[in-house]
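One chain, chain A, links the two complexes that follow: it is found with chain B in the first and with chain C in the second.
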Partner chain A sequence: MNIKKPLLVIVLLLVVLVLVPWLIHVSGRWDFYYTLTSVALLSIASAGVWLTFYIGRINIGQGAYTLIGGYASAILVTKLGMNFWLTLPLAGLICALISIVIGLPILRLRGVYFAMVTLVLTEVARLTALALPITNGAKGIVNIPMPTELSFFGITIIPDFGTLENPKLAFYIASVIMMVLCYAALYRIVNSRLGHLCRSLQQNEELSASIGVNTAYLRVLAYSISSFMGGIAGASFVSISQSVYPSSFQVVDSVNFMLNCFLGGLGFVLGPMLGTLVLYFGWDLLFTLGKYQLLIYSSMLILLMVWLPNGLLSLKLFNRGAKKK
Partner chain B sequence: MTAILEVDKLTRRFGGLVAVNNISFDVKQGEILSVIGPNGAGKSTLFKLISSFLSTSAGEVRFKGEKVSDLSPHVVARKGIVRTFQETTIFRSMTTRENIIIAHHLRSKASMAGYFWGSAQARRDEATFAKSADEIIQFLDMQGIADELASNLPQGNLRALGIAIGLATDPEILLLDEPFAGMNHDETMQMVDLVRSVQRERGVTVMLVEHDMPAVMKISDRIVVINFGEKIAEGTPAEIRSNDKVIEAYLGSEDDAIGI
Partner chain C sequence: MEQVLANGLYLGAQYALIALGLTLIFSLMNVLNFAHGQMYVFGGFVTYTVVAQLGLPFIVGLILSGIVLGVMGALIEKYLFRPVIARSTREESTMLLAAGIAFFLDAVILLLFGEKQRGIPKIIDGVLNWDYRIIMPYDRILIGVLAIAAICIFIMYMQYSKTGRAMRALAQDRVAAELMGVDVKYYSMIGFALGAMLAGIVGGLLVSITGINLGMGGPASIKAFMMIMIGGAGIISGAIAGGFILGMMESVGLLVFAAYGDITYLMIFVSLIIFLAIRPHGLMGKPWG
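Take a look at the complex of A and B:
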């Protein structure tokens, strides 16, 4: 629409792909790559949760889909020898399919009922992973190879991560690109008629149906996109850590994905990204407080939500024409 | 005039309670038909059955000869039967114009993917909707509140917006559940004129549930009276006014006066 938005994306890309690696390079804090990669991937999963919020459903079950996505990719890579880059979209699709089956019945529920059911989902996923032979129970799947080369007609698109001298940087770049793509898609959804339809669901589901919106379909569509994002985030995490266990993603992760959205702001596309960043670093910064870490962290969250019920992005500081259509 | 809608032995039970009991009547093309009756008579339930928001226990509803009961609400809406509710009937966090634009959904031709990518058809849809929304805003004289958030609108405007949303769906039959509730005399008379012009100028068949008897008598071509889920009378306003059963039903209840 205007030139500002592409410019913003270019600036963002320059920051994350040039400035950040340069800073890490000069400061020698190589561990930061892993931290920032995690933030990028977590914010992808949170973006999915945000989309379910956008249709008026409190989703505390994203951990289930990150876990399923992680296992899907791990199994495809280790058992079938598939290329990781192929398993990545497949993991997303598998999650989307599963979420359709699960979503069809549970998306009829609203409010706290839907939230409670999704809360259970993560635990169900964990128990399933423990029980199934293919997921190898509590031992999990380990020694998953690094992503191998992806090439089309002999042209290398993505190099073999195993041969790279700095795979951390490669994972960082891949994750950031994925994050940008996911948020671009989310932005597009929200600002197209699709987003308006989602908002109509959020505000008045009956009326939405009576003006002819296939509400059941739209709910499932949003939920499956959400789960797709959870799936690819989970698959990427597993590939980085080269292992996956039933406890890789737990209820607390699901809760965190939801908190990221709340904290950043449910009315803003970039809300979950900012929320993830703040929560992740906030938790780390409080590490020095030892056993009081959780207490102070939770209290601060509660206070923040009381003061800023619409999230951090509702602060005037950020809000210069942000959510003005 | 031919029957556009046939309600045929319609019944709905809630547990032991028969909210709608074996009700039959026809709605004629282009008329305004009111459904009246004391509180709890089953009027809203009847409208929900017609719009498939509730499933029937027995009987059926036919629209142009085709069964439309026991489908999904959005499918029935697509066929041209659109209901506004007794409760809030708007999207609160959207402006008047956004409310009306979103309500054009039934007319959209582009696919969901088309909207995502911004296909040519999606852009054509958007342009059509915006234009039609402006026409509806003009028609209902809502220019002053077009960009106001719906949650900031006074009651009278909300009801008008409810009608605007109904119109945007381009319905053949508009079901209005208590469109005049909470309005004073002047506002009611304005709405009566509005509903009349919707029927005359847009050729929409209107069914409405209403308690305001003077308004009902003024606006209706025909009236169906129900009491305890059963139809007790049907006819023109003049016939209903002099119907013994109706007078009895209304005298028997405390909270309603027929106003005659």
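Take a look at the complex of A and C:
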């Protein structure tokens, strides 16, 4: 059993790092690199939302943190000339700190109230970005340089993306590695003591508080981890598109992060990843249908929900492995 | 100042009507209806089609908007929400469904009515001018009065009719209501239809003033969410209070913050978050409604 888990990670890494590039190379669909990079980054942000679901809160405010993370990284890179790879964890940390300040009061809210406040939070982030001078208002920050070289005692760990002949592939590899790391961390959290405590929060907060669980601390912790993931996803996105605007992440994105979790299934760690893949790819593939794209996409969403209200991974096919455990 | 108050009242009456439908649906089924804004836009387009394209009187358009949306709401409840609520392990799953319906309605509106801004001719001409202190076009006053009348009819209906009593019982305690012989399924459907109908009526009312376009749905939903948070989710008087408070805040904020640019909504949002941190269940809500 213990050998199986690292094996799973290695298999996943092999699939995303060897099989997928090979398939793309064979099929010649180079544009899929960008799509898959987006899927990887969006699924990191969705993983954060999933963690807040895990403590029993509906989070529709991840867009706020992806936006904050994006701006943090963009400002640090353009104004202070910092290395992108250094701003990446910094963006995450800034988001985590902000989320602690915001989370302390609003995590007292529950159910629909929390959901609606987080929804409003996305709007707050967008409007703040419009109003502040440092974010350059509606014009946004453009011409952000590519990630530069990261070296450690003269040994190059990550090459300069600007000099690579195929930066798309580099971005793809960087984001899928981050994605695998995030999901490994998420899996570790869920299966640790912390995860069990989170589950107790999800089931009954009063009860777990009465047996001595520090619920206030736990929910802020989970929320800040979630926002950290949102921050690094946002920062990477900004670096790929080399620009950030107040409208880069909006309410729709926040809602999509939540939908990814629902679609994949709230009871499964890999749920948000699958949900993101299906939703984003589905949307992309339906592009050929022109003006009927949204109609068919939303009909499929509704049908899926009526057919599988507990998420894709609740299918018997996937359940077999989960039950054995 | 009188002008600001009058504007606030006018805005508040419309907002309260939107929030009423949302809060009714929430209190009966514990569903956060993401598609509420889209339903409102749909209602506006129905009135536009009836009045501007078929040339029928405004009141016919308004009634038809209500009926079309009411039927749509009933069907959505019966065939989509009911089976999903019955089968899902977590209540929140209905949010995905609601969001899916919101996208679906957006797509339907786009295909049926196009993306253009639509409006209908003024219902009555002329402007009320009270000593230059309050200047307000008559049609706005009419719409404001109609909205307030609709709110009053709705409250009377909820308070004194058999259906209204059943729905209030349902909102208080679903199981107890069922034990008392209330047909829970039937009244959930009626409640959803009624909520959707209110959204349709607001849409019909507003199309005569501001017009309507596809993009208005999402922001309208967010505003409606804020209103029911201010007043307390699932509480009818709370929704009305929330609507008027938001209308007033918007109207006063536009006056006060005019010098600082477009930060009214930022201020409203921030004060809302602070307010909720102090009073998490709104003005009149039950704790953890």
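Convention: the second predicted complex is superposed on the first by the 321 of 325 C-alpha atoms of A that agree within 3 Å, B and C clash if a C-alpha of one lies under 4 Å from a C-alpha of the other, contacts with A are read in each partner's own complex, and residues count from 1 in each chain.
Quick note on the criterion: a contact is a pair of C-beta atoms (placed from the backbone, for glycine too) under 8 Å apart; a residue touches a chain by one contact, two chains touch by 3 or more.
Note that the structure is a prediction, hence the values are computed from the model and not measured.
Legend: residue contacts after superposition of the two complexes on their common chain; A:Ile189 is shown touching chain B, with no touch to chain C.
The partner that reaches more residues of chain A, of the two candidates chain B and chain C, is C. In the superposition on chain A, A:Ile58 makes contact with chain C only, not with chain B.
In the superposed model, A:Leu301 makes contact with chain C only, not with chain B.
By the touch criterion stated above, A:Val26 is placed in contact with neither chain B nor chain C. Legend: residue contacts after superposition of the two complexes on their common chain; A:Gln203 is shown touching chain B, with no touch to chain C. Of the two partner chains placed around the shared chain by superposition, chain B is the only one that A:Asn214 touches, whereas chain C remains out of contact. Of the two partner chains, chain C is the only one that A:Val124 touches; chain B does not reach it.
The part of chain A that touches chain C in the complex is made up of residues 53, 58, 102, 105-106, 108-113, 115-117, 119-121, 123-124, 127-128, 130-131, 251-252, 255, 258-259, 262-263, 266-267, 291-292, 294-295, 297-299, 301-302, 305-306, 309-310.
Those residues of chain A whose C-beta lies close enough to touch chain B in the complex are 185, 188-189, 192-194, 196-197, 199-200, 203-204, 206-207, 209-216, 221. Considering their complex, residues 26, 30, 32, 34, 80, 83-84, 87-90, 92-93, 95-97, 99-101, 103-104, 106-108, 110-111, 218, 222, 225-226, 228-229, 233, 261-263, 265-266, 269-270, 272-274, 276-277, 280-282, 288-289 of chain C touch chain A.
By the touch criterion given at the top, residues 51, 53, 72-74, 77-78, 82-85, 88-94, 98, 101-103, 105-106, 108, 110, 112, 115-116, 118, 122, 125-126, 165, 168-169 of chain B touch chain A in their complex.
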